[in-house]
Every structure is written in C-alpha cells, then in structure tokens.
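In the two complexes that follow, chain A is the common piece, with chain B as its partner first and chain C second.
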Partner chain A sequence: MLVGALLPWASTVLPGGAYPDRATLQFFDAPHLVSGFRLHLVLLGVLAALLSRARKPAGIGVAVIALVHMGFLIGLGAPSIGGPVALAGGLLLMWPGLTAPAPELKPPGPAVARLVLLVAFAALVWLVSETLTAGGQSRATNPYGGAEFLAFCGLVLALACALSAYGVLAWLAALTDRHRFFAFSVMLVCALALPFTDAGTGYWMTVASTIGVYAATAIGLNIVVGLAGLLDLGYVAFLGIGAFTAANLAHVVPFPVAALAGTATAGILGIVVGAPTLRVRGDYLAIVTLAFGEIFFRAAQNNIGGLTGGANSIPGIPPISMFGHAFDKPLGVLPAGSLYYAVTVVMVAVAMVMLVNLRHSRTGRAWAAIREDEDVARAMGVRTGRAKILAFLVGSMMAGLAGAVFAHKLGTVGYESFDFSESVTLLAAVVLGGMGTVPGAVVGASLLFVLPEKLREFSDYRLMLFGLALILIMRFRPRGLVSS
Partner chain B sequence: MTLTAERVSMTFGGLVALDDVTLAVPGNRITGLIGPNGAGKTTLFNCLTGLYAPTSGRILLDGRPLAADPAQAMRGGVARTFQNIRLFPGMSALDNVLVGRHTRIKQGLLAALLHGPGFRKSEAAATERARAELEFVGLGPEGHMPARSLAYGDQRRLEIARALAGDPAVLMLDEPTAGMNGTETADISALITAIRDRGIAVVVIEHDTKFIFSLCDHVYVLVRGRMLVDGPPATVRTDPRVIEAYLGATECSK
Partner chain C sequence: MAVLAQQIVNGLVLGALIGLIALGYTMVYGIIQLINFAHGEVFMVGAFGAHFLARYVLPEDVRWYVALPAMCLAAVAVSIGVAVAMERLAYRPLIGAHRLAPLITALGVSILLQEVVRVFYPGATAPLAFPRMFVEGHLAIGPVTILWTGVLALAVAPLLAAALHIYVERSRLGRAMRATAQDPDTARLMGISPNRVTLATFVIGAGLAGVGAVLYGIHYTQIDTAIGFQNGIFAFTAAVLGGIGSIRGAMLGAFCIGLVKSLAGQYVWGGVQYDYVWVFVLLILVLMFRPQGFLGRPEGMRA
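Take a look at the complex of A and B:
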C-alpha cells in the first residue's frame, strides 16, 4: 500500500527524458516546475499518503489523469513513460479497496452550520469557475486545453470521492436539508457571484447562461420524467415553441410579455400533446412523444405558417432590454453576458423551487404514485388523467420560458437547435444527474453541455463518449450522480 | 353506512365472472367473502370499488348508485388493499399513506407551488393523520423507510394503513393474510377487529376458512360467479353445499 502511495510521486520525477519537442505538455516542459498535471498528481500523492480513507479516491484520480495524459501523448505520436507509471500507481492505490463505511458526522449548531454552508457553496462556485476555465477557451489558444480540462476533472472527481469517503458530502447534504432556506439563499448569491471569479469574461458568461437555459429545461423535463414517470422523447420541441413564439413577438412586445407568451403557448401545446397520450403508457408513450418532436422539427424546418423562418431561421432578435440597458452589453465591472447569466440563474432557481415544492405536495405525491403504479394510484382516488396532463403542462411551460430566454440570448433561432438529439441529450442529463432530484438535472445539464464545449477536439466521438459515460454511470451509480 | 351489490353480473367476452350476485355490507361488521380460486371474489371487489363497471346490476353506497370511478368510490368512503401487495415501492411508507389520503387533502396547484401558510397547515394535518395510521397498524417507526425495503408482513400492514388514511366507511381487504404464518395471522386478525371497533365496516376475502369463520360476523360464499350461501359463520360452516363446493374442489385439484 505504501508503494502504491509513493508511485504517483515517482511518476512526477521519472519523465523528463528525451521527448520530442511537440510534447510540450506542462508535464514535461519544466521538469521541476510543480503545476498542471504534476501539481494534481502531487496533491493526490500527498492526499493518499496522509489520509488512509482517501487512498482509493486518490487512486481513481491518479488513474484518470494518467490515462488522459497517456491518451494525449499517444495522440501526439509520443511515447509516455510517466503515464504508465502513474497509471500503475493509481491502480495500486485503488487495489486494497478500503471498504470501511463512511463515518457519520454529527450536525453542528445552527451558527456553525450556516458558516459551513457558506464556505461550502463559495468553494463550489470557485470550483465551478476553475472547472469552466480549466484548459482555456478553445484549441486555438491552448492546444492541450482538452487534456488539461480532463485532468482537472480527474482531480475534482478524486476530491469528491475523498470527501464522500469521509462522509463530508452526506454531512453537507444533511446540513443543506436542515437549513433549506438559508442554503438556498446562499447558493443563489454564490451562483450570482460567478461573474466576479476567473470565469467572469464575456465568453464564459455566454457558456454559463447557455448551460442555465438547458438546466432550466432539464428541470422541466425532470418534472415530467423524474416525478411523473412519463417518458417524453420530444421534449425539446417545447423549448423550440417557446423560442419561436418569443422570436416572432420580439419586435412587437417587451421581453416579459414575449416570455409569458412563449410559456403559455408551450403550455397549451403541452396539453394538446398530453391529452391524446393519456391512453398510452411506457414504450408507447415514448413513441408518441418522439413523433410529436419529429412533427415539430419537420414543421419548423419547412417553415409551416411562416413562423419559423425554415432554413433561414429567424435572425435579428433584439437582446432583452430593461431600464434602458441592453442585456448583451457589459454593466459596470461586469463583463458582457453577465445579465443573461443572472436571468438564467434566477430562472433555474425558480425552476428548482417549483420542483421541490411540487414534489412535497399532494400533486407531487400523485405523480410519484402514477410513476410507481398507475393502476393503484387510480384505485387510491388519484385522477390520473388530470395529473398526467398537469405534469405535461408544468413541464412544457418551464421549457417554453427557457426557450424565450434562449431566443433573446442567441439573437437567432433556427429549427436545427431542436432536433431529436437535443431531446436525447436533455433526457441523458436528467438520467445522469439523478431522476427526480433537484441538483441532479442541473449537474447533468452542466456536464452534458460543458463537455462538448470543452472537448471540441473530440466532437467526432461525442455521441460515443456520451454512451460510454451513460454505461459507466448506470454501472456505478444506477440512480444518477446525485441520487435522492 | 351500507355498501350493497344489487344483482351484479360481469362478463369478460364470453366468460361469466359474476352471475347475478347480491351482497350487503352493513356498517360496524366484519363480512367475509370466501370461495374457491376463480370464483370471482376479486372481480366483485373491483366492481365494489369502482375499478370495473358491472355488465349489469348496480353498486349502491347508502342507497345511492356508485359510479364506476375509483376516485368517487374513495371519496364516498370505499377503500381497499390488493391480493398481491401493490404498494408504491420507491416511495417512503409515510408517502404511501399520504397518497391514500389523496382524496381528503385540499390543495390548489398554486398553493402547492408557493407553499403558503394554508398549504403548510393542510400538509401538516395530513402528515399527522398519516403518522397516526402508521402507528395504528404498528409501523410507527418505519415511516421514512422506502416501502420496498419493509418486511413482507409490514408491507401488508402498510397497505392497510394506506387504505385507512382515506377515511373509509368500508374497508375491503383482499387476502390480507396470504403467505403469513400463524402468529402473523393472529396479529392481522386483531388489527381487523380494531378497525371494526373504529366503526369501519370490513370486508375480507380469504382462503383460510378457519380465519374467516373465527373473525367474521357474516360470511358470503361465492362459487363459479354465483353467490352460493350466506349467513353467520356457524350456519355457513356446516352447510352441505359449502362443504361440497370446498371439499369437492379440493378433491378435483388432487
């Protein structure tokens, strides 16, 4: 075990031999500099050496980083010595498989609890900002951006596993649950503070607000799929309906009215789609919703009714403008796009509150009962038809609102943003994150919409990697990353 | 409150499941319903609880016809359990009971979204009632457990608590002691008596004739869709037609 703990250290010393000039990863270009990969490995080595419970998580992290590093070097046509050594070290660390259950930590007093939550959420935002900016904006500025990002993810994964091994994550979850209102406020404030971190540039704000739009949509889908158990494969159509409605009204009415109209239109169409599907369940429901998504997509593509612009899309949608300030311009010290980011944060927060409040209500229990056993739910007096339509209504309204923000933010709305693969990605976000849980949809949406942004060099393999990630999650965390 | 089936017949295609069945469930009594497998007991239950619409005949609750609508039956005061346990396995025991109370909770959608004071009051009252029912069936400490992880006997009890949470006037139990040993059966027997003592009429389907005859005030015997005999346990037990139906059926199956 001690050898295992030391191996990652060894790997930081080993490389430095005759590598081609191309291999200028930080791992090699400065043999004695402790940064990038090297810093991560050193940190994990220290972690493994000092804390016995954290050995396995550290091993996972080392293995991931080593794999990433090796993969990139092989991609560059260079052999790697440090990589295999680090991989061996990581695997050795994982070997003993410490199975001791995580210790139960006692909840502290309210004052301490609040302080802890404050620190925890601040740290989380910092981590999000670091994760977002890890590896730079794109391949153009940093050819190893993808590798650096993945390696950083490895470090984050290891840290999360280590915290979980010490029972800290469960403890924090319990604290959040106990001080729900406080935790929620702190989270909101911390999330709104993201523009003040390293991620506070126009580019990252745009990325973050796009994620926000998809996160809100994913929460809406989570109501339909996660709470009520209605598998909807055409859900992205409602995002499209909201977006096209707002786009058509953008020059006529101010944003709040356009957003309301988008929400209402999507809601009405949600009922229209929901009503005829009441008689079908499970697989059949999935097929019907899939067909609806396709109908919407084809109708938008062919510009039926002249409402979607067809292949030309609808360009020139004005940005949201309030109090005489256009939302796409910087505001004071805040970079451009911060206001859109704030709008999406508030939208996601509202969606979260809705999801939680509905879940703990008569309606939410009726949905859960339908999900678990529809016949019995009916026998217990639940009006199943009405409840299912309500789920479709609430879910599609959420997507419609997100769509309206989406249209104003992008300035252009085209049908190709709403194809089947987007529905699948949203569904994958819900399943990956954890069905029916609040943070689940947000975590899932963030991952699935950040990763393609970060890993442009892998864009050809995107769907394959998705599949792989889904299989891994289903194997190791069958109830999602954030299970209830 | 009385629940009655008046000349109820039910056919599925060419199969006659119930043929001109009449039955009355008086309040404050435990009524037994026995019969060989396939006699139509569960079909009769499904008619009485509004899950099936009888092909002919009527179901009356206190003299008023009961529509084939389970929500209306629950509201009217007819609640049930199922032959093979059918809980909501992924939900907590408490949430299972709260679903049973669905028809008695008044909450608008807007209230559910905003969680205002009125909502909180109604939610607290419902939760308190659900906890009381869990306590009543002996599952007080198990409220937070997912239903699927409860022991078999406890799952049967949870089903009863879920049905009781709907404030029923008539509680219909479909084979409540199936798969239980002697001690557990005696416990359920005591529980059913306690339910009757709360002023709730109980209808029990069972195969265990000893259990039925010792527990019930009145017994109906259903054979091949027809009501063969009914009366107090002592008379039914010694009725030659019942003995023939039961022992005959047993002989045939051997």
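Take a look at the complex of A and C:
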C-alpha cells in the first residue's frame, strides 16, 4: 500500500516540479508563482510519503489544486498538461486511503496545554494572514490571483484534513474547551496581532474589518436562528437600522454615543419585529421577518423621512475619532485601518463571549427547549414569549452595533447594502458554519465575505453558489461544515 | 370615480395573475405543510421558457393564435420540469429532517433558480421585452379601459381555478390529495402513495404557474428575473389571506391583494413607491391576527 501511494506521489511531484514547464510557463511566468502552487504540491507529496494517515487528505489537496489549475487554464483557452497528471496522482492517493478512526490523544498538563494553545493560535493567525494575502490584492499586478488563492485553500484544506486524521483537531478543541479563558485570551491577542503580519497593509486591514463587521452580525443572527431556532429572513435590516442611526448622528455626537444609539434603535425595532413571534411560529414567522425586512428596504430606498438618503445614500460620515486620533489614519507602525480592525475584533470577541455564555445560561437552555419543541418547552414552565423576544432583542442589538461601526468605517451608507440577498448571505454564513456553534458564524462569514473579494471573476456566480450551498448543506450536513 | 374604477380593474387583473401562482402555494401547503418559497421562481422560469420559444424558435411572423398556445405549452413544460426536479432533488430527501431545513432549502432553490436564469439566459441581466402575442388594443367600458390581455387573464384565471376545484373534488387523484392533506398516515394505509400525490401537486401547481407566467408576460410586456420573487410573495400573501389550503380562498385572496396594491398606490400616503409595502403590512397583520385566513379553518398548534 505504501508503494502504491508512493508511486502516484512520484508521478505527481517529480513532473510536478517541472509541472508548468510546457503548458503553463508562458502563462504563469511571474517568478513568485514558481514557489506558489508547485511548492504546495511538493509539500503535499512529502506529507503523503511520510505520514500514512495523511495520504488521503494530501490526495484531496492535490486534486483540488489540480482542478483549480485545470479550470483556470481551460478558462484561458490553454491546454493543461500538468493538471491531469496531478489530478490522477491526487485521485490515486485518495484511493487506498486509510479509514481507521482518528486516535485519541491524551490531554497534557496545564502548562504544556497552554503552550500548545499558544502555538496553535499563533499558527492560525499566520495561516489567516497567508490566506488573506494569497494571490495578491490587485488583478492588475497578478491576473492569476484567484487561482493562487484557491490553490492555497486546497493546501489549507489538506492540512486541516490531515490534522483531523491524526486527531489533532479534536485534541485541540478539547484543550480549548478545558482552558476556555486562557484560550480565548490567546486567541484575542493573536487576532489583534494580525496587523503585524504580512496582512498588515491598509487594504487587507479594510478587508479584515469588513469581515469582522459581518462576522459580528452573523453571530447575532446565530443567536436568533441557531440558539432560539427562529428563522429571521430580514435580519440585515437591523444592520441597516444601526448604520443609518449612526450615520445621522455622526456629525452631532461622538462615536460611542452614536453606536449606543444605533444599538438601542435596532434593539427597539428588534422587539417590534419580535412581537409577532408571540403569535406566529415556524414558517409563518420567517415570512413575517421577511416582510419586515422588505418594508425596511423599501422605506430606505425611498428615503423615508429624509433619514436614509434614498438613492443618493448618506455620504461623508466622519471616521471614528477618539483620543484625538481618527481611526482611518495609520497609527505608528500600524497601517491605516488597523484601528477599525481592532474595533471589529473586540466586537466579535464580545459577541462570541456573549454567545457562549448565553448558550449555557438559563435563557440559552430555554431557547434550546423552544427550538426543539415550543409546546413542550411551555409545558415545562419555560416562559416562551419572553425568551423569544429576548432572542430578537439580543440579536438585533448585536447587528445594530455592527451597523454603527459599518457606517463609520465605510464613510457612506446606502440602502443597497441591506437588501434581501445580504440577509441570505448572512443566513448562508450561519448555516455553513453550523447553526448555534461559536466559531461557525465567524468561519462562515469569513468564507462568504473573503471569497467574493478574492474571486472577482466569480462575482456573477456568488449568489448562485450560496443558493446551491444552502441546498447541499441542508441535504448532507444540516449541522454545518464546522461542527463535528 | 373613473380613476377609482380604473384602479379596481387594474387590481383585479393583477389579482387574477397572482391567483394562478397562489393556487400552487396553497395546494403544496395543503398537502405537505411546506411553504414552497421557490414556487415564485417556477412562475419566473415559465415566463422565460415562453420567451425563449417565441424569441428563438417560432418564426417572426407567426400569428398569435398559434404562438400563444405554443408559448403556454412551453411555459408549462419548463415550469413542470423545474418543479419536479425541485421536489425530487431538494425537498423529498428532507422528509424527517431538521425543522428549519425545508424552508432554508426552499430559499436556496429560489436564489439558485433566479441566479441561474440571470447569468445564463441571454440578456436576462436586464428586463426583457416579452413578445406581444395577443389582440392589440383594449376594451373600453365608459371611461374604464382594459387591455385585451387583461380581459384574457380575468377570464382564464377563474376558469382554471374552477376547473382545479372541480378536479380536486371529483377526480380520483383529487380525492387522494384531500385524503393526504387530512391525514397522510391513514391515507397511506388506504393505498395512497403520498410521494405520488405530492409530485402530482407540484406538477399541477407548476402548470398553473406556467400559464400564469405567459398571461403575465403578454399583459405587462416585460419580464425579469425578479418577477418570481415579488409575485411569489404576493401570491403567498394571497394564499394565506384566503386561508392556506383552500382553492377558492387563494383566488379570493389574490383579488384582494391585487386591489390593495393598486388602490394603495393610488390613494394611500406614499403612492406607488410604497404600494409594495402595504401588501407586506397586510401580510404581517393577517399572519398575526388571522393566520387561518378568510376561508381556512382555525387550526390548533402548528409547528
């Protein structure tokens, strides 16, 4: 079996070293590309040769990279020679894959555990930074950025699968769970350290903070949908309420007040939207929230009360300014936008803490009961009405806060940012990441908002793929991609 | 007065068209308690199917009385094809799944269909002109005018609804449908295949939506990928308003929705820019205070 696995590796990597020679060199002639996906292929080959359990994951990675490159070459109208060879190698690697269950690793002592967590999260940040910057930021300088990015994703996928095959991921999750507070602080510090990595440019900070805003919003939606089981199809309206409130107040009051006002307004509207939940359930509730979302969108589009700017949107919102420092300027060695990034990281962190604590609280258990069976929950003495309103209140306030940051960060707010497709995207993020899970919403939001940024070529297919993803996940992994 | 009468007529025509979609909603919900969110898209793909036939297949100088039935057939075929695929691939595997799964799937199907048509149908990124395949001109009754296409819609929609009603009341399959709607388990014991009944329901609903799509196209002379979502919501509102599960109720609700939209656009604060909003306000109020609708029986607890 080992030999069987080695042969395809050899046939992949050895010609893989010269893989772009004929078919690709004239297209992928940028020097850094030589170390790009070819390096990934070689790495995966070595991985497959040395570690028996990692063979199948490596095969997946090789196949993904091969497919990506074949797709792009065919898109460019060029024949791909290395692609099919690599693909065949990848498939052969997957063929005799071991299916033995992952070994259980024993948890080490606290000191070692902390060290491991520190290393793991540092590696994670490095990985995030590499993923963000993979493929470069501009299509002008690197037209193959999308391919490179996808190829890198294939490598990351393979590594994750390999780690999972050795039980390392489960082990880390157990460690995180055991040292929750420590893990959380380390993660926060590591996340805040992102500006010091390769991704520390103004552009990537902007991208990262946009993801942060949507991640915080998705966590809010996760509270409503994942914890309480109330499907909200107009959720993006709360982001809009927060953004428009903050935008209108931006010139009058300092940011904290505006953010508070945005949060409060969204919360009040959350109660208004949540009120029907007392009478309506299930599918009907989803339709009611959809109707509220559409009413908000129409009102914003028509510049209701002169508050939303209508088609002109609201321009010229000043950046957040605290301690005499505008947040859109660089600070010391930090690039512009780092401060916004820090704000969103803190926001996401607060949201995560809230989600975890709520889930394990009395309210969270009430939500879980309502989600599973409302009648039984009521019979068991859960005050269902109050709990449901509370879910909407918390979720909408989270979105309102995110909206306030969103408004200041962008400097302009228009109704187009809050249409139904955004609600669908947020829902897709939650569903993709796993309803009710903590990292789920963040992973989902990162995926759904990074991919369009990275793959401009596919912007036309974005929503189509989301629709397909919703169907497939409901069919095959209704608990999401992240949750085990 | 003339304006009022005219708006009432406009509202009734819109109502007739919405009614044909609402029938599909109400039947599917009646049988399997699924809000088939994507039913509006079935209507939309039907419109594009008819457009395709008229634009790319039929000769330029074809007469309307040849073209219109052909377009109806094309629309019905496309709609039924999509609806059957949807039922088999997306909904049927979900029997017994997580409670939110069918609705999220329906949403996914809706988005997917919209985007597939928008991206792959030539020219569908912008509104398309629908061929005018009916008698030109209008019928004038005093100061009120109705386009002949509107007259056609007003004639065809109630006729089809009545035919459906009779079919469900009298035919063997209709009886099987009513039995399944009342109690699927007992119906199964009586030798009825719920899968077959469900599929038949999807097919009938899609056929009506296909006809509705052609009538919609020749009346408003323009289609785009958003017509399914928008009219689907209207039709859903109509189905709930009339009492979901009831065929007569769906038509009644549809006429109400048509009237609300056209009259609110004329007379209520905000004008046409907000007519859409009033339909949603009505939807929320109905769902909150009379979820069983006009003709539906009040139900106990429904998940």
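A few points about this structure:
Definition applied: the second predicted complex is superposed on the first by the 436 of 484 C-alpha atoms of A that agree within 3 Å, B and C clash if a C-alpha of one lies under 4 Å from a C-alpha of the other, contacts with A are read in each partner's own complex, and residues count from 1 in each chain.
By definition in this document, contacts are C-beta pairs under 8 Å (C-beta built on N, C-alpha and C of every residue); 3 or more make two chains touch, one makes a residue touch a chain.
These numbers come from a predicted model, not from an experiment.
In the superposition on chain A, contact of A:288 is made with chain C only, not with chain B. Legend: residue contacts after superposition of the two complexes on their common chain; A:361 is shown touching chain B, with no touch to chain C.
In the superposed model, A:391 makes contact with neither chain B nor chain C.
Of the two partner chains placed around the shared chain by superposition, chain C is the only one that A:466 touches, whereas chain B remains out of contact. Look at A:369: by the touch rule set out above, it reaches chain B but stays clear of chain C. In the superposed three-chain model, the partner touching more residues of chain A is C, compared with the other of chain B and chain C. Of the two partner chains placed around the shared chain by superposition, chain B is the only one that A:379 touches, whereas chain C remains out of contact.
When the shared chain is aligned, no partner comes close enough to touch A:186: not chain B, not chain C. In the overlay built on the shared chain, the residue A:279 is in contact with chain C alone; chain B does not reach it.
On chain A, the surface patch touched by chain B in one complex and by chain C in the other comprises residues 375. Of all the residues in chain B, the ones that touch chain A in their complex are 49, 51, 70-71, 73-75, 80, 82, 86-91, 95, 98-100, 102-103, 105, 107, 109, 111-115, 119, 123, 126, 162, 166. Listing the residues of chain C that touch chain A in their complex gives 34-35, 90, 93-94, 97-105, 107-116, 119, 229, 233, 236, 240, 270, 273-274, 276-277, 280-281, 283-284, 287-289, 291, 301-303. Chain A makes touch with chain B in their complex at residues 354, 357-358, 360-366, 368-369, 371-373, 375-383, 390.
Residues 225, 229, 231, 233, 276, 279-284, 286-288, 290-292, 294-295, 298-299, 302, 374-375, 420-421, 424, 427, 431, 435, 460-461, 463-464, 466-471, 474-475, 478 of chain A are the ones that touch chain C when the two sit in their complex.
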